[in-house]
Every structure is written in structure tokens, then in C-alpha cells.
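What follows is a pair of complexes built around chain A, which joins chain B in one and chain C in the other.
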Partner chain A sequence: MSKKPTAQPVIHKVIMVGSGGVGKSALTLQFMYDEFVEDYEPTKADSYRKKILLDGEDVQIDILDTAGQEDYAAIRDNYFRSGEGFLCIFSITEDESFQATQEFREQILRVKNDENIPFLLVGNKCDLEDKRKVTFQEASERAKQWGVPYVETSAKTREHVDKVFYDLMREIRARKMDENKTSNGRGKDKSKKKRRLCKIL
Partner chain B sequence: MAPPPIVSGLSPNEGPPGTRIKIRGENFGNQPSDIVGLTICGVDCLLTAEWKSPNKIIAISGTGKGKGEVIVSTKYGGTGSCNVTFKGYHLATIGPMKESAVWVEETPLFSWGRHSLSTTSFQQEDPLGLSIEETENKISEDFLINHFAGKCGDITSTNFSPGWFLLENHQNTSFNDLSAGLVHLRRKVQGQKEGQLSFLKANIGSVMDQVDTLVNIWEKYDSDLPKLGNEPTLKLEKAIKESEREARKLFDEVLSRKDRAEKTRNALNVLQRFKFLFCLPCVIERNIKKGEYDIVINDYMRVKNLFLKTDVPVFKDAPSEIDKRIEELQKKLHQDLQTMPITVEQQKRLIRYLTNLDSPFDAAWDAIKSRSDYIIKKFKSIYEYHKSTEKPEMDKKKGSANKFAKFNNSQLIEVNTVPACVNFIDEICATISEIFPDLWKIGQAYFSGELQVKVEAGRQVEYKYMVMNVIESFCKYIKASIIPNTLDKADRNQFGTLTTPERDEIAHYLPELLRSVRSSYSTLIRLDLPNEALDIIGNLLLDLRIHCMSILFQQTTEQIKQLSENWQIQYNGKYMGVTDLPIKFLQLVEDVIQIVKESALSGEQRESPLLDKPTAKKELEKQVDSILSAFHGSLSTLSFSEDLEDGEDSSPVVSQLIGTPVSSQKTSKAKQNIPIWEHRLLITLSNCMFTKSTILDTILAKFKESGFPSVDGCVNNAKTKLENLERTILDRYLEQKSDPLVGTIEPSMYLGRFDWDVTVSPTDIRPYAKECINNLINVHAEVIGVSSALLDNVLTRIVETVAEELYRVMSCVQKFSRQGAQQARADIQALQEFFKDYTSDAAKGHFAEALDVVPKLENSEKALVEDVLRQCKARMKIQLMCLRKT
Partner chain C sequence: MESSKQVNFQLFSAKDFKADKYVKNLSQNYIGGFELQNFRKKILAISEETNNNLKKNVYQNYVQFIDTAKEISHLESEMYQLSHLLSEQKALLSTLSSTSILEHSTYHSIENENKNPDVNQKEENKQKLATILEKVEGCKEILEVPGRHLIFEGDLLEIDPVENTALKTVHIYLFNDGVMVTNRNSNSRGLMKYIFETMYDLTSLAVVNVRDLGNVKQAFKLLIFPDTRVFQCSSNSNKKEWLDKFDQTKKSRLTQEQQKRESVAEKSPSRTVSVESPNSSHDIEEVGLAHPEWFTESPEELDVWVAQRYFEEAVTLLQKVKDYINQSHSVLGQPDHILTDIQRKVEQRQNHLTEVLMKELEVNPDKSLQGGLRAARRAVRLLNQLGRSAQACDLFLKLCSSMLKTQCRRVKREGSITVYIRHISSVVFTNLSHMSEEFLRAFSDLPSCSSAYVIWASTELSLFISHFIKQVFMPQTPLSVITKCVVLVRTQCERLYTYGVDLCYQLDGGLRSPLTKALRDTRDKLIDSIKLRALEDKWIPMNLHSKQQISRCLQEYSALGLPLDSYVTGDTWIQISASTLAFTKTFFTLLHDCFKLQTSDLIHTIDDTLYTVFEAQIKYIENALRNEPNEEQKCFLLKNAEFLLVKVLERVQEVYKEYIGYESKSLKKLQVEYSALTKGIVPSSRSTKTKYSSEFL
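Right, the complex of A and B next:
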């Protein structure tokens, strides 16, 4: 029965970025459905949404799992625009994917035009310690340089999977509260003006 | 009720029609069939849905346009909800130049291509200056095409139709907004018309600058002309052309490579997307091998639904390949269906498979037919088998055809060889009980619609014929082997020539066979067969019961004929004065009554009491008659075979000397244990009387108590016959006894030249009278030695003849002296006195006549005679006691 709740919980929009094959989809599915997918199937663009309890508050998390492949670089801009927080994933077993995070970071900053956008650097596949190519040191230094947290996860063992999503959502929530405070009047004005403009044009 | 399904994940979340989407979420049911609905952007895509797990379904998107929900419905959870959205593209919105997150089919694979490549103004700014409604376009394109023939809603087209445009884009816009839009449009048009002049006016400065610049360029060009020649752009043009060619060379290669890549990618994509279809022939074959027919059928249905009407050649190959396999499978299943033995459940399953596979076979009917054929064949093979076991048996039987041998070996035969026909009937009964119910069940399923196949006209009649045929064959086989006489000749030829065993042999088995047939009968009754069919067996049973009864009685008759007399009289116990012959007879008859009662008489399920039938009753009477007359026959044989084995012993029994019978009895006892002829007569007589008075009534009572109808008629007949026999026997005996006894009277009387004209007064009765008394006492002893019940009959008759003889002899006397008369009277009166207890009226008369012949006596003489009599009685006290009844 489709009774629409009057007050829908707040939605936090999270975007998964990173090179192909680092485990974005794996992390997402592990978080959403507690399952680990062994085989690799390139993602195009997947949407997930579910209700969760964040520090006692009902919220919805909306996850956009994106393609890591270069072919799609051009359309990423579109996606990034809608994101409120980003999990930037690389695989600790693949240096190339770590290098690629730099590019993703830059693209996000360019599109969002915001240095403080909620953002976590995530080193995935930490269960494959023996195949590690990127040291913890290295990665945390980069994170520090960007001013973001660094967390290592495993989609296979579920280590820190919940943590990265919850941490990111807390940051998003904090950001939204800040924004409401600082731009209480102005923000509204702005949007009104914009809409009017639209009509006239 | 399960919780409603929730869709919480889509991979991918956008794409053109035909996109394969992994749908994730919760409560998608526990098996594929739980999914009862799936819409993607409002379009039903259930057919493409592939259930993977309670959390995952894979489906292919349909023609839904724009953002929309993916709604799953399950059998138990109802219609679900959706947290995420899927964005369906209009095919035309993605051109070769548009970037997209997914690969787009550039050749439409499905007939969805009716959204032709019209370039809609999807991205164009609205000419009314209004924001375009989020497409909740309720007006279908079909509708618009129908109503605006040849027109379109594209504002740049020459066929532009404002009505179409408004309906398509502003169906929900309010009138006020539309008016404002009109004003906006007018302003824009106005602006374009009068704009040129005012534009110039407003920008006079920069226009002048432009004119100046143009003049400067002209001057520069003029001065360059001598330096560079008349056509300064020629070189430039050449260079441009050159670079264009170069560029094209580079670009062409890249483009063609891109095209190739695109093609490969498309091909791969198609393969991937329709992997299911292309792999299906193999999958089907594998599943057929594994016997997973349900999966095969499921796959086959899907293919049929998805690709049956396809025009794409690639998709035609696989289905035809699949069809070939399916056809083979159908043949195999059809074969299996008809291969016996098979359970009804298995058959039902196979029929369902075949129906689901759209087989051309009339599977259900074939299943029924094959079952019926199977039963008939089975009957035949059972028959043939038993026929083959019979051969050696027949030889044996020939060997033992001789009655003696058979009698001695009867035990052996019983143990070693059950007759083939008995085995045959046992087995055929077991067989029909075992396999007929299945024929009935599958038939019921067929006609009740449970098999979900169409019942052709006329099948009902044909089926009935089948059932009747099976049952009739069953009955005829049985009849042919036990009661062939109830079949007509044609049937007898058709249903076999198993030898019916001889009566004594089959009699043992009949009750058991009856039981076998009944057990089959009750199995069939439980199936609720129509009466018409059941009655066939009912009639068989009736015939069998009559036959059984008749055979049992016949056997008993035979046994009665075989009964032998041992001549041992029983002196104590319940049956005194008879041998055990009548008791054995009674025993046999009681036994057979019991057996017949248990086996044939009482009706079980759907059977009426046997003897309600007049034919049965008549048969019963006939058999009882023959039993009784058999015994009568034995008795009469025993009484008339004078010279059994001791012809030399039939010598005088009564002599003038006392006690001869004893000695003669002794010798015969020592020899053969067979008493002398007179004794045998007496014994038989006693048995006769006993049978008549006791045994027959006991038998009558037994019949009654066992529920037989009255056989009084037969028994009375038998009684009459026995009475006659008794009389004859008695006559015989008397012939043997009284003739010699009476014959001695006259010679004895005149022994020693005696004359009734004597002068001596009597002092005692004369010796001939004493002898007569002693002889009678001998007979008395002989008779009582057998049975006291005979005494009256026998002695009375003898006394009668004695009295008659006495009268005859007396009347022949020429002259009595006084003393002679006294003597004669004393003698006659003594005999009268001694024989008093056995004197009939006739005898009395003869005695009186005898006395009349003798001259009357004076009173003094009478006293003397009395005196003599008194003395005689005193002397012969013992003899007197012998002849007194106490």
C-alpha cells in the first residue's frame, strides 16, 4: 500500500569513486546486503538506497556506485554534481589505482568547487595483506595532505565496511547542519531568485 | 502473508529499452513462481524476470520512458515499493553523438522500434518559455499519431501540429500559464521582427567600428596584392585542403576502428544478453540427460515467449535447434509414457510434461490405451507361461490315469504339483488387482479434467469399451480354465485350453480360487466401477460358486461311494448298535456342508445368497439327491452282496444243535474280520434304520442351521427309499432265518415215528416245541447281538410264520387221541406263552386256528395241561426269561 509518509527521513547522497576493479561495488553490496560478490562485472551506474539508523536518527542513504573505467570519464561530472559525500576507493594491491585517486580528488573538487566536501580515502582489499603494494604510511600521508580521513577496508571480510559509510554520513550530516546555520536567510533568497530567473528566461 | 517486497538497488540505474537490470532488495519470495508481477517505469516486464534469490531478480527493461520505479509483486507479499529509480531512455534521445553511461543498441532488436527516429525537441528550450513538465506523459504516442495523422510535435518540422505539441508537453499546464506563455511567444516574435532597426540604432558605435575595420582590411589587401598575386587564398586553400585530407586519413582510420569496435561490442553485448538463448540447446540437452524436465519446460516456455515471433535471423537458429531437441524429448517422454510398468503418478507427470511442451501427441489418451493393452498382454503372457508349465504335468496325469494309482498318489500330487490352471487363476487375480486400478485411476483423472487435457468426443465410449474388455477377458480366462462349459465355442478357443483338472483335484482348490477372485472383485468394487462392469465379475462369481458347490458335493458323493464297512458294531456311546459307516457318512456330509457354506453359500460384497437363484437351488437338490442315493446305494450293495469274500461261510446258521453260530463267527473273525452273512444283513439293517431315523434328520438340521434352503424333499425321498431297503433286507434275513426254523417243526414233530393218536398222557411239552423255542432264542441272541431295536421287527415276523406253520401242521393231523389232543394243546399253549411278547395279531390268529384244529378238552384234562405247562415253564425258566421284554 503506498501511503506516503509525510516526513521522509533525510537522504544522504553518497558516491563511490575509484578505478575499475578496486571493490566499489563489492563494498556497496556488502554494506547493503551483507553479501560478497566474487566475480568481477564492470559497473555502469548503480543506485542503492536504504533506511538506516544513524546515531539514533532515521536517515536514508542513497549510494551511487559508478564506473571506474576511463570510457565513462566524461559523464562523471554529471554524477558528481549530485553527490553530497564521496568514498574514494583504491585497492591496496594495486598502485595504479592509488595513483588514480589523485585525479578523482581533483575532478570532484573541480565539480563541487568545495575544499571541505565530505570525503574519505579508502584502501580496500586489506585482507590481501600479502599482495599489498600501497603502504599504510603512503596512503595516510596523502589523506593528511588532503585533510581527509584514511580507512582501510575489506569487502570480503566486512572489515570497516560499516565504518566508512557511517563516518561519511556523519560528516555529511555535520556539513548540512553547518550550511543551515551559516546561510539561513541568504540560501533561501538565492534559490528563489534562481527560480524566477528561470521562468523569465 | 509475507512482508511486501522492497526494491533497494538497481544495477544499472538507467538505460534504453532492453537493458538487463539486476534488481536487489528484500522479500522477493522463495522461488521463481512467487514473483507475480514486475514493472519497470510502469511497463510490465514480468516475462523477462529471472528470480535469483529472495534478494535478487534479473530483468530486462521495457519501453518505459523517463525516471520511474521498479515494482515487484509477490504471491504472498503483494505489491511492493521502491526506494530507487530507473531512468529509461527514449531510443532517439541517444544519438551517436550523445554520451551515455551505457552501451546503446543502435539497431533496434525488438519490435519496440515504433518509436521511430523522429528527432524530438527533447533538449530544446520551450517556445512558450515555460518549464517542461517532468514527463508524466499520460498521452501515448500511439494516440497522438492516430489523432494527428501525418503531423508531429516537433516545432522545427514542416508538419508541426500545435495541438500535438501542447498535448505532449503542456497537458497539465494551467490556462493562465499558457496565456503567459503566449504573451512570451508573441514578445519573442515581435522582438525578432522589429529588432533589426533598433539593434542598429542601439549599437551605432560598434557598427561604425566594424565599417572602419572592413575599410582597413580592404586597404591592407590592396597593398598586399602586388606582393602576393591575384589569388592570395589559393595557397591557403591548398594548405587547408591538404590538412583536411590528412585529418581525414587519420580520422577515417580512427572512425572505422571505432565502428569495428562498436560492432564487436554490440555483438558481444548481444551474446551476453542472450547467452541464455544461445546456450539453451546445450542446457536443455544436459537437463534432459539429468531428467530435470521441469527446468527444460520452464526454459522452453521462456524461449517461446521471448523469441517465437522474432524476425531476427540469429534468433531463429537457436529456437529451431531447441525445437529439434524438444521434439526428441517429446518422443522419448511419449515412449516412456507407454512403457510398462509405470506408476500412475509417473504417467501423470509425463503427461504434464508433454502438455507443457505442446506435444502433438494425445499423451493422456495414449497413456490410457497403453495401460489397457498392457493388461491384456499381461493376461496373455501369464496364460502362456502357465500353459508352458502344464506340458510335463499332462504326461504325469496320463501315467496316473488309473484310479488306483491316483488314489494312492493323491497326497503326492497335492504336494508336488499345484495344477497349472490354479496357479494361473491365482496369478491373473493378483494381476488384475494390481494393475487394473491404475487404468481406472488414470481414466478418472483424464475425464475429470485433472490432467488438463481436452477430452475428445467419443472417448468416453471407447474407454468404457476398454474397461469392459479387460474385465471380460479376465472373466473369460478364468471360465475357460475351470468352467469352460459356460463359454461359447469361440471364446473357448480364444481363451485357452488349460486342462481343467479332475474333480477330486480341483475340489481342493476351488474354495481358495473363489477367495482369489473375490479379493480381486472387492478391489474393483472399491474403485467404484460402474455396475455394468462389476456385474460381469458378479456373474462369474455366481457361476464359480455354483460350480464350487456342485464339485464339492460331487466329491463327497464319490467319497461316500468309497466308504467301506468294517462291521464293527459299537456297543456303547451315542450311537449304539450301528457300525461307524453311517457316522462316517454323516461326517462327510457335515463337512461338505460346512465347506460349501464357508466358500460358496454366503454372498460377500455385492453378492446375493447363492441359493436365491433357482438354478443354484436345483443344482443343490440334484447334488443332495445324489449324495443320499450314493449312501443308499452303498447300503444296498452291502446287503445284497451275499458272497462277499466268504461264500463258503454262508452255511447253515441254524442247526438242530445249539450254539453253532458262535463257532462260525469265530472262524470268520479269525479269517477276515467279516461277520457272517446274516449278521451283515442285520448290521446293515440296523444302519439303515439308524440312518433313516437319526442321521438324515441330523443332516437336515445341519443344512438348515447352515442356512441352506430346505432339502426336505430329498430327505423324505431318501427316507422312503431306505424304508423300502429295510423291508427288503428284513425279507432277506427272514428268508435266511425263519424258513429253516419253521421247516424243522414238522420233521422234528414226527421224529421217532410219533403219532398224535398216542396213549401216553403228556408230562412235558414235546422236543419239537422246545427246539422251536431254542431256535427263536438263537435268533433273538443274534439280533440282540446287533441291536435290540431290531428285535420286534424280526422276531414278530418269525413268530408269525411259526404260528402259521403250526396251524398248517396241526390241521394235517389225521386223528388225535385224547392224550394226543392234550399233548398238542400243551405244546401250542407253551409256544403261545413263550412267544407272547412277539406275537402279532396275525400270529395270535394262527395260534387260535391251530388250537381250534385240536379236539376240545374236558375240564379235568385242561387241569392236566395246565399242570404240564406250569412244570414246563418252571423247567424252562431261563428260556422264558430270554424271550421276555423287560
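Right, the complex of A and C next:
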């Protein structure tokens, strides 16, 4: 179908999830355009694409910045289905948003039917240390329990912003390479195994 | 030519027409080569003409055919419009009918008001849909969903989501419930501009605003697993319009769905499950586990049972539902919304049922008590099953009170007081026993209710006692009558022992003060009569005039335990004065009445009464002695005194001991005090007994 002789670099699809107002868009915009947007306007669902250099390799990152509030579960499922990796964001100044991550995690696992989906737990707004409500230990424990990394970021100071996106992309890339390596048969087996696991759960 | 042609036509179309024969006939008429050739030319000309005619005819018909075909296609689309119109009308009517039957009138009118302006809009929608129908091929079924209307449409450029290259131009229709994607129809130059490609349900369609896609601007994405489709708009404002429309439609659909769900849930929760679960997948997930039909319909079923007064069935169902809910709780851990919804509803029904049952038990002047307590059994039992035994008990006892009252009112006061008392006490205590029986039957395993019953019974008894006192304790009522009545009531009261209710103590307590008063009154009355007799007494032995009389008198007194044989002189005389004998008789009556009435509380009063009355009589003899100058008379008086103090008192003490268990101290004291009299000593002075004489004489 493509008329261009040069194929597009590989796309890694990243999805930003988290409660409203935790800074999903701010992180995205900081990563995309190196700018911090002070005023808050709720996102519906925005997508961004950028060509970047990941460990010396040209890749594209496709970021889907989702709405914190989506009324239809089926639509939310569709967002999650389109993702290859997830940044699950909460604000360290708001315990409720931290509690909500549990629900997001469960939804993602249900939709993707894969416990090892590339996933990062991100505590944003770490520049507001004086207003901190969620301790680093608390969040790390949850991340450990899920078997995912935990990173604290600040969209304002740009601390660890690139790190979370790049770390996630590395995981996605590793996953893709794994999948390419494993034969189709084994892949099927894997998915079957997981499905069965899910049923038991 | 024309006429021959006509003939020919008929000839040709005849059944037995044979070409060979016809040609032979024709060729026979023309002789010679030249003529034949001419004829051939003629025929050729005819055939040419016919050919032309045919061509003309066909052409004419063809135009007509095309016209007809066009007409038919018009008709077809019109029929579609009509059928659509009809289905919409039908939907409208069905919603109207359902609202008018099930909803309150206020809600109904609101609905109507809402609908009126809708009508115009609906017409418009229909027209819009009809035009779509004409433009898009293969979308007939899509447009037949009732209530669907067009929100927005437009041409968009579809982009390859990976390569960012243009794919094709699409025409997209946004409806209130979904998105229809159509492609350009390259084959048709006619009305059908587009070909239907797909339809997406709005509730599962994720719309993503593409902020940045390299060289691609003004685009948005539709995520429908597993598809991701990117569409490019003609301008930024166009894209904004599309996104806004998507957002608005989604929001209005959400509110609409919520309203629908609410209204449906209010009408019947069972329908919520069956109607909504197929079209929205997340609902199924929330429901988790499908509830059986009987459970989801239980609130309605309960209504029906209660309305038909099948209370037992209602209670059984209620219990079943509760068990089910408990079970589900333990299984699910956390309740789903249907469960809680039904639980709430069922609780309402339970309250309603309780109310109805309580009404059933309520005391109402209009209600007949014909059935008695038996009629209350059912309601009481059901209320107990519902765990409302406290209320049931309360109402049951109230019912009992009112029944008792009406029963008592029916007892008319006729004849003597004893008859009345016998009657009413029998009624009261028989009822009380029945009620106790019923009560124990209904609340046997509910100890908390028993105390209520005891309190109730004692209240009822005090009511009865006050009534009894009013009726019996009147100044003119003789003590013997009072005694009879009291004994009657006591024996009745003892009937309650069988049910473990001993109210005799309370009865005695209630009667103590009126009885004391009655005893005092009797005492005073007797003393008065003693005084009267004293004035008339001539102190002569009694003459009974005949042997029969005397034997009867002797019998009478020996029945009291006083043999008088020793006092008989001659044939008809008894050496005791008439007043003494009369007193003896009265005193024994008093004595027996007192013993019948006796309770440990009354002993003192009884002693006092007996003592005082007896002393008054002795006093009077003593007085008579003092004033008597005649020695012979004195002797007679002393004999009387001795009779009273020795014979009578001894007998009295015997009787006393028989009833009470020991001899009366006060009477003994009397005997001692007046021992002088028994020894035949006539008191000469008043010094020792002044206070008695001053008191009674």
C-alpha cells in the first residue's frame, strides 16, 4: 500500500493512564515539545507521534493521552487495546489518584490479558515535596507487588520525564523482540496459558 | 393493403396456419415469372414496413419501460419511507401506552410535553434518513433502527495509521448511536453515491484527537479494536466540529441511557437485565452473575401476593429472597447493584407487608371481632416470622383488651349482685384463660413477649378489680354477699394457675382496703344492732312454744357446734336469752364470712372485728348485770355470760383454729379479761372497764 520506498521506522504505542489532573498531558507535552503547560484543561483523548532515537535506533513513539474520565467502559477498553505499553500516572500529592492506579492496572490486565505487559508506575509532581501524600516507599511497594518499576517524575522540572518514556519503550522493544523470536506455536501456548490463568482468577 | 394486412394477421395467428400451404395458395393466383417477381417485391416491401413498425413499437415500449422502472424505484424508496414512518409511529405509540399505564400522571404529562416538539424534529429526521437511504447503497437495515437520527456528516480523507499516507476518501455519517463509514461508489453515476462499508457502535468507539502526527495535520483517530483508523479533515475548524459532535453525541447518549436505565429499573428491575445487557458489554461485567428470574421479579410478586392477601406466600417468598441475598453476599463478597436494588425494594415490600398485617391486627371500631383471637392467629404468626414479634405482641394484647371490654359490656346487670358477679367474673377469667392460651401458642418461644403479657394481664385485672369494687362494695351490701362475690372471683382467678399466671395476690391486694372497710362497717353495724337489742332485752329465757320449734333450734345450734341440750328446761324453754342466741348466730355468720375472706393481710382486721363485736356483746351483759338489782335475774345474766364466754368462745376458737391453724390471741384475751364473769362475780364498779363502757354505751 505504501508508495514510499523507505519504510517508516517502527512505532511503539504508549498509553498514558491515570486519574484526572495528575499530569498525563503535562508529561506528554513536556516529552514532546519540552514545554510545561501551567493551566489545566481536561483532555478528552489526544494522540501524538514523534520520531526519536532509541539507543541508536530510529523509532517512532505514538502516545495516546487518555481522558481521566471516560464514561463508557467499552471505549476505555478500546484505548487500552491499542496500547503496547502503559504509563500509569498518579500524583504524589493526591492519595486518591494513587488508589485509582490499582483499578487502572486491573483494567489493563483484563483488556490486554497479559501480566507482563510493559508498564511503569509513575508518581508525578515530585517537585511538590512539601505537599506529598503518598510516600516513596508506599508506591515502590505497590510497584514491586505488580512487578513493575516505579519512577517519580516532575513534568514541571522535567525530572525523569524522558526516562519514563525511554524505559517504557525499551521494555516494549524487548517484548517485541521476544515475540519475534518465539515461534508461533509457543506464542499461542503462552496466550493459552494466560487465558487459563485468567479464568481461574 | 391495410385491410389485407388485417386479414393476414388473423390468418397468421390462426392455429391451423401452415406456411407451405399459404405460399402455395398465393403462388397459384399469380401466373408467370413477371407477376411472381412483382408479388415478391410487394412482399418484401411489406416485410420492410413491418420491420420498421416493429422497431418503432419496441422503441416506444422501451421508453415506457424505462419510465415505469424509474417509477417503481421511486415507489420503492417511498415504501421504505412509509415503513420507517410506521415503525416510528409504532414505537411512539408503545412508549405512550406504556407510560400511560405504568407512570404517574405527572410524569406522563411531562413526557407528552417533551414529545410534542419532538414530532417536528422526527419528521425532519425521517427525511434526512430517507435521503441517506437514497444516497448510500447497502444500508437499508442500518437505517431501520427506531429512534436513530443523523447528527453530522461529511467527507474525510482516510490515512494509513502506520505509513501516514492517504488511503481513500470516505463519507462519514454520525448518528445519535453510531458512526457509519461509506466509500465512494465509482460504478454508479446515479443517485447511489456511496457504498456502505461499516457501522460502529458509539458506546465502544474511542475517538482520539491527533495532535501531532508528523506531516499529517487536522486528523483524528477512531479506535475500534482491532482497527485503528485515522481520518484527515479539510480544516482545523472542521476537525474541531467533528470532535465536538462526537463528544456531544456521546454525552447525550450517556445521559439518555442513564435515564432509560433509571426508568426501566424503576418499572421493573428484571427488564434491566434482559434489555440492557445485550447491547452494552460493560453492564454484563457489572452484573457479574445473572440472578434467577424469580429473584428479579420478587418485588412485583410480593406486591401481588400482598394485594391478593396471600400473606403466607408473601412471607415465604420474602424469606427466600433474603436467603438468596445472604447467600449471594457470601459468594460475591460485595453486592452488585441489582442485588442491592432488589434488596432495597424487597425491604420496602416487607415494610408494607408488616403495615398491612399490623392493620389486620389493629383494633378498629368498624371491625367485627367475630372471629375472635383465632382470626388474629395468622397475622400474628406472620409478623413473628417477619421478626416483628414486639409489634405483634403489642397489637395482639390491644386486641385482647378490646375484646375483653366488649365481652364485659355484653354482661347485663340483672338480678342479684352475686349472679352478676358470677357471670362477669366467669366471662373475664374465661377470656383471660383463652387469651393466655392463644398468647402462649403464638409467642411460646419469645420470652421477651411474656413479660408484656404479664403486665397486660395485671392491667386488665386491676381494671376488673376497680369495676368489681364499684359494683360490690356498697354500703348496703351485706358482708355475706361481699364474701360470696370475693370467693367467686378468687376461684375464677385460680383458673389462671394452669397457664402459670398467679394473679390472686394482686386480686387480694386490690381488695384489701375495700374489704377492711367492709369489715369495719359490718362491725359497726353489728355493734349498733347489739345496742338496739340491749334496749329491748328483757332478760328472760327463750320460750319456743313447741317441741318442734325447740328441736329445730337445737339442731340449728348443734350444726354450729354448740349443743344447747343442757340449757333446755321444760318442753319449750331454753335458759338463754333470745338476744344472746341471736348474737351467737350472727357472730357465727360473721365468723364464717371472715374466714372465707381471710388472707394473711386481713387477719389483723378480722381479729379486731371479731374481738370488738364479741366484746360489745359481753360488755352489754356486764352492763345489764351491773344495773340489775334482782339476784335471780343476775344469775340468769351470768349464765348467759358464761355461755358466751365459755361455750361460744371455745367453739369460735375451734373454728378459728380450723381455718387459721392456731387459736386467736385476742379472743383468748377476751376470755381472760372477762373471767370474772364466768366465775359468777358480778362487777360492782366500772373502774376497770371504763374505756369500753364509755365507748359502747
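Observations
Following the convention adopted for this analysis, the second predicted complex is superposed on the first by the 174 of 201 C-alpha atoms of A that agree within 3 Å, B and C clash if a C-alpha of one lies under 4 Å from a C-alpha of the other, contacts with A are read in each partner's own complex, and residues count from 1 in each chain.
Here, contacts are C-beta pairs under 8 Å (C-beta built on N, C-alpha and C of every residue); 3 or more make two chains touch, one makes a residue touch a chain.
Everything quoted here is computed from the prediction, not taken from an experiment.
When the shared chain is aligned, chain C comes close enough to touch A:Gln8, but chain B does not. Touch criterion not met for A:Thr135: it reaches neither chain B nor chain C. Looking at the shared chain after the overlay, A:Asn116 reaches neither chain B nor chain C.
Judged by the touch definition given at the top, the superposed model places A:Tyr48 against both chain B and chain C. In the superposition on chain A, A:Gln102 makes contact with neither chain B nor chain C. In the superposed model, A:Ser82 makes contact with chain C only, not with chain B.
Once the two complexes are laid over each other on the shared chain, residue contacts for A:Met32 go to chain B and to chain C alike.
Common to the chain B and chain C interfaces on chain A are residues 2, 32, 44-50, 64, 72, 74-75. Listed in rising order, the residues of chain A touching chain B in the complex are 2, 25, 29, 32-33, 35, 43-50, 60, 62, 64-65, 67, 72, 74-75, 198-201. Residues 1-4, 8, 11, 32, 44-51, 64, 71-79, 81-82 of chain A are the ones touching chain C in the complex.
Residue ranges on chain C touching chain A, taken from their complex, read 160, 162-165, 167, 201, 203-214, 221, 223-226, 228, 243, 247, 250-251, 254, 280-282, 285. On the side of chain B, the complex with chain A involves touching residues 8-15, 22, 24, 55, 81, 83-86, 99-102, 129, 131.
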